[in-house]
C-alpha cells in the first residue's frame, strides 16, 4: 500500500514524527511553556533556546512543541466532531431517504451557503473562545462534506446484493448502516477528514490573527504565530519557526490525503 | 538726501548699530537657531488609526477614533490646556454664582461655523436640548440631567442653573457644540450630518471614505488662527503590524506604538532619521479589583497582603518594557487631585505571608497552598479577551501569588459576556480591568457605596463612609484648591483599603514624523497645540492642489 | 492471395509497464489481412486481441510499448512512421470502431461536429462542405433523420444509433482498413444483427478490409473469410474460417468451439 | 432545461428561509449584549439609559417576535439601521461590497489563469518532475496561513524591494493623478491583496484541474480522437480539455464562501474597506442588524453563485441537462 506512494510516505512520516514529539513533549523540553523570564525577553536562537524566546522570555521551541498538542487536538477533535455528525446525518439521509433525506440535505445546503469563517467568527466572538468552543464550532460547521459523501456512497451501496441479502436475513437498520454501509463509505470520508484537519488548524490560526483563537497563556500555533505581528523587525525567529511548523504540518496532512486518494481512487 | 545725512550724526551711531544688528543679523541668527522662524503653510499630516470613526456628531460618539476627529472639527465652551487646567474655549470667561448653583458663560463673538454662519448662544442651548432629549442616543446625557434650567439672556451669554451645586458640571461644558441652524430639523440619530459635519473648529470636513480615510482641511476662518498644516488625514489601518510596516515606508506621519515598537522596533537608523518618539503618561490605569463580598477578600489585611506580594515594577518591566509608572490611586499622577504622599507599598513577600497568617491563612496541610478553615486560598481572576497586557499582567501576578501560597486561576472572557454576565452581575472573585483617568477627578460612580446595583460601576462593592462623604462634598466645590483636600483623602483611603490592587499607569507611546515643527510635549500630551505645528517648505511631502 | 496483403503483422510483441512490473500482453503475434477481406480476430477477453488491434496504428496507452516485431500496412512500415505520417494515416487509411459507442464518442461535441472534424482533418474541405458530407454519410448508414442526429449529442441517442453514427464517422474518409473492436458487444441482439448487416453491406459497397475483433465465435464464423484465434497473447490458430472451425489445430481453439457447440450457438 | 432551471429556482425558497433562521438564531442566541447598549463600561452611562436603548432597538421583546419583525423588514429588503452609527445597514454593505467582490473576482481570474494551465500541464506530464514540483508548490502555498504569507510578502515586496505600497486602496494624492496614474496606483495597491487572496486557491484548482484532465485523458473518446488521426495537440486541448474544464464552473461557484471568509483576514492586514472587515467590526461591536444582514447577504450571494454555476454548467455541459436532474 505504501509502495509507490511517496505522498503518503512523506505525509505519514511528518505527522508521525509530530505525534511522537507532542507525546513526549515534557521529556523533550523540560521547561514550562508558560515560564516567564524577564531576563530573556526576545532572545535570538541560541543553544539554550534553539528557536529563541518570545516577548515574555518564554522558550519558543517549548511553546511550539506544546502548541502542537493544542493545534493537533483542535484539528483532530474538530474533524472528529464533523465526521461523527456527518456520518450520522449522512447515513440517516442516505438510508431512510424521502423526508429525512430532504430535511437533512436541505440543512446541509443551507449550511453550505454560509461563508463558514463568518459563522465561526460570529459564534466564537460571542461565546468564550475556549479551545473546546473552537473545536466544537469548527466541527459543527464542517459536517456537510462528510455527510454528503456518506450519503452518496450509501445511496449507491444500499441497493447492492449484499445489503439486500443482509436485509432479507432480518438485520436491523442500525446494523446494516454501521456494519456494512458506513465502513464501505469511509474511504472518501477519510480523505475529506484529513484535509479537514489541516483546514481546522489553519482556521484556528486565522481566528488567532483576529484575536479570537485559543487564548493565551495556552499556547496554540495560531497565537504563537501572531506574536510575529507585534515583533516585526526585531524577532525574525517568531515569524519563521511557528510559521514553518504550521506549514510542514499542513503539508503533512495534505500529503496523506493525496496519498489516500491514490489508494482509494 | 541731505536731510537724511544730517540725521546721521555721530552721537547716534551706537543706536544705529543696534538697529542694524537687530534688523540684519538677528534674523539670520534666529533662522540658524531655528526658533521664532515664520512658520510655512502647507503639507498634510497622515495619522494611522486602528478603527474608523463611527459618527462625526460628537455628542453621539463614544469611540476614541470619532472623538479624535471631532476634536479638530468642533470646540466646546471650555477645554483643558496643556497643563490640564480648565480654560475657556468658545466661552471667553465664566462666573460661578449662587454658591455653585449657577454658571454664566460669556461667549466669544468672532466665531463662525464652517458654512459662514455666526456661532451664538442658541447653538449652546440647542446642543444642551439634544443632550437631554431621550430620543437622542447620546451616552453623555447624565451630567446634563442635573441642569435645572438653561437660559440665553443674550446672543453671547449662557446661564446654566443646577438643581444642586455640581463641580464636575464645569468640565462637562467641554462637550463640543453643534450648529443649530443645520441640525434644527434633523433627527440626530440618523442624519447625514454625521458623515458630512459642519463644525467651527480649526479644520473643516473634506471627505470620509468609510474604513479607509477621513480627510480634513484647515479652516481659514478659525477664531484662533488658521492652522499651518493644510490637511489632516486619518487613515484606518486595522492591524498593528500593518501600521508598523506603513511607518517603515513613511506612509504614516503619526501613530501610537506598543512598548516593544517603542523600545526595540523603532530603534533603528531609519526611525531616528525620520521620526520623533514621544513617551507621556497615558490617562488610564490597570487594576485588579476584588469582589469585596467574597469571604476571602472581605478582610482588608488579606488585600494589603496581596498588594505586598505582587511586584508592580516587574509587571511594568515585562508587560510594558518599563514604560509606565506604578499606580496608587484613581487620579492622574501629578494632577491636583493626586496625593503624592501615598507611596506604593513595598514588594515584600515575607510581609505578605505574615499579614495573611495574621488573617488566619496558613499552609496547615503543607501542600504549598495557604488554607483557612479547610479551604485553600484559591480564586479565579477574570479579564477580557483581546487585551494582551492585562492577560500578561495576570500571568505575572499568578506566579507571584503562587510564591506566597495563593492560587489564582485566570479566565479570559469575551468582552460583552465579560461585562454583561460577570462584571455587571458581580459574578466574579477578582477582575483585571482598566479605567480611564478623566481630567475631571470626580470618581463618585466608581467608589460611592450607592453605586453597586447591577450595571453600575462600583461592582467590587466598596463601601467606606468616609470616602462616601468626601466624594459627595467634593462635588459641591468648584475651587480646585479646596476640592483637592477631599480627593487626596479619598486617594489615601483607597490605597489603604485596597478594594483594588492598583497596578500601573502605562505610558502613552507615539511616533511623529520629524518634519513637523512647533511640537511641545506637555502634561496634556502633544496634540493640544496642533494648529501651531508646521512643516518647512522644503520638507513638505503632500500638496493640496495639483 | 498472391498479391501482397494489406496488413501484415510479424512477430509483434507488446509489453506493459505496470508500476515497475513488465507484462507481455501480445507475445509474437503474426497474421495478415488481405485487401477486401474480412478477418476476425477472436479470443476470450484478456487474450491480447484489443491490444493487437490498437497496436496497428500505434494507439497503445502510454505505459505500453511495442518491443519488437513489425507492422506493415499497404507497403509502409508503421513502426518507422513519423508522428505526422501516423496521424495522416489514422482515420484516413485505417479507421476504428469500438465497443461502447457512447463512451467512445466525445460527450461534449455533437455527432455532426465529430464527423465533420474527421472530414475536415483528412480532406481539407470547408466546414459547411464537411457538414453536408456528414449528412450523406448518416443516410448511408441508414439513419432516418440525419439533420437531427447531426445536431445531437451522443447521450441523446440510443446505442445502436450511436454505433451507426460512429461507423459513419469512421468510414468518412473511405479507409482501406476498418478495425472493429467488438462493435456489437454492448448492443441488443436485434441491434447487433442490424449493425452487422450494415457493416457487411457497407463493406461490399465501399470495398475496404475489415479486421473484426470479437470473443463471439458465432459472429466470427458468420462474417469472416479468415479467423485468427488469440490465447494468452499469442496467435494460436489462424486460417480460412471453414478450415479453422472444421479442424482446429490448437487445443484452445477446440475448447472454444466445443463450448459454443454445447450451447448450440454454432 | 427550463424545467431544470425552474426547479432549481423553486429550490432556493426553503434555502432562503433556512438562511434567515440560521442567521438570526445563531447570532441572537449567543450571550452578551450589543456594545451600543453596553457602552463599553463608561461610567457616564447610567443603567436607565441602557434600558432605554434596549427598548429603542427592540431588544426587550421575546426572540421569536424579534425574528418576525426582522423577517417582515427583510422581505422588503430593509435590514434596519446599524446600532453603532444608525446608518441603514444596506447602505453600509452596499458601499463595501463592490471592493470585496471585485477583489475576489480578480483573485478568481488569477487563480484560473495560473491553475488551469498548470493543472493541465501536470496532467499531461503526470508523474514527471514538472508535475511533482507543481504539486509540491501548490501544496506549499495552500499550507501557509494567509496572514503570515501577507506579512512576509509585505516585508519582502514592499519594504525590501519597494515595489508595492503596504496597505490601503489608493495613494493619498490619488485625486491629483492622471487617469493612467490612477489605474497604475490602484493596481499597485491591489496586487498583493489579490495575490494573497488567490494563493490558497491555486492548490485546490490546480489539483482539481489535474485530476479532471487525467480522468478525461483516460476516457475512451480520447482513443477515438487519436484513432481519427487528430494531432496530439487537438486531442489534448480540444477533446480532453473541454471535458476537463466544464466541471470547473461549479467549483468556481463553490469557492465563493471560502474566498469571502478569507477576505476578513486579508482586508484587515491590507487595510481594505471591504465586507469582510465590516463583518469583523460588526461582530466585535455586536451590531446585530449589520451582522445578520451580512450573513444573510453573503449566504444569498453564495447561493446565487452556486445556482448560476450549476445552471451555466447545465448549459455548457450537454451531459447534465438530459440526465437525472
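The chains carry the letters A, B, C and D, assigned in the order they are written, with residues numbered from 1 in each.
Heads up, the rule we're going with is that a residue touches a chain if its C-beta (ideal position, glycine included) is under 8 Å from a C-beta of that chain, and two chains touch if they have at least 3 such contacts.
Quick caveat, the model's predicted, so the values are computed rather than measured.
Peer 1: Hey, which chain ends up farthest from chain B, C-alpha centres compared?
Peer 2: Chain C.
Peer 1: Just to be sure I understand: the centre of a chain is the mean of its C-alpha atoms, right? Then which chain's centre is nearest the mean of all of them?
Peer 2: D
Peer 1: Name the chain pair with more contacting C-beta pairs, choosing from A-D and A-B.
Peer 2: Between A-B and A-D, contacts are more numerous in A-D.
Peer 1: If you average the CA atoms of chain A and of chain C, how far apart do the two points sit, in angstrom?
Peer 2: Roughly 53 Å, centre to centre.
Peer 1: Between chain A and chain D, what is the gap in Å from one C-alpha centre to the other?
Peer 2: 22
Peer 1: Distance between chain A and chain B based on Cα centroids, please, to the nearest Å.
Peer 2: Going by mean C-alpha positions, chain A sits 45 Å from chain B.
Peer 1: Provide the C-alpha centroid distance between chain B and chain D, rounded to the nearest whole angstrom.
Peer 2: Their C-alpha centroids are separated by 40 Å.
Peer 1: Two-or-more-chain contact residues of chain A, please, as numbers and ranges.
Peer 2: Answer for chain A, listing residues that touch two or more other chains: 125-127, 228-229, 232.
Peer 1: If I count partner chains per residue in chain B, which residues reach a count of at least 2?
Peer 2: 239, 241, 245, 248, 414, 416-417
Peer 1: With touch defined as at the start, can you tell me which chain D residues reach chain C in the complex?
Peer 2: Touch list, chain D to chain C: 219-221, 223-232, 239, 242-243, 246, 317-319, 322-323.
Peer 1: Can you tell me which positions in chain B touch chain D when the two form their complex?
Peer 2: Per the touch definition, chain B meets chain D at residues 44, 46, 51-52, 54-55, 62, 134, 137, 139-143, 189-190, 194-195, 209-213, 233, 235-239, 241-242, 245-246, 248-249, 251, 414-417, 419-421, 423, 433, 435, 445-446, 453-457, 542-543, 545-546.
Peer 1: Write out the stretch or stretches of chain C touching chain D in their complex.
Peer 2: The touching residues are 54, 57, 59, 83, 86-92, 95-96, 98, 100, 103-109, 117-118, 121-122, 153, 155-156, 169.
Peer 1: Going by the contact rule set out above, which residues of chain D touch chain B in the complex?
Peer 2: 31-36, 38-47, 49-50, 52-53, 56, 81, 84-87, 92, 95-96, 151, 154-155, 158-159, 162, 165-169, 172-173, 176, 268-271, 273, 277-278, 280-281, 286
Peer 1: Across the complex, what residues on chain B touch chain A?
Peer 2: Residues 239-241, 244-245, 248, 258, 260-261, 264-265, 268, 314, 317-318, 321, 385-386, 388, 391-392, 395-396, 399, 410, 412-414, 416-417.
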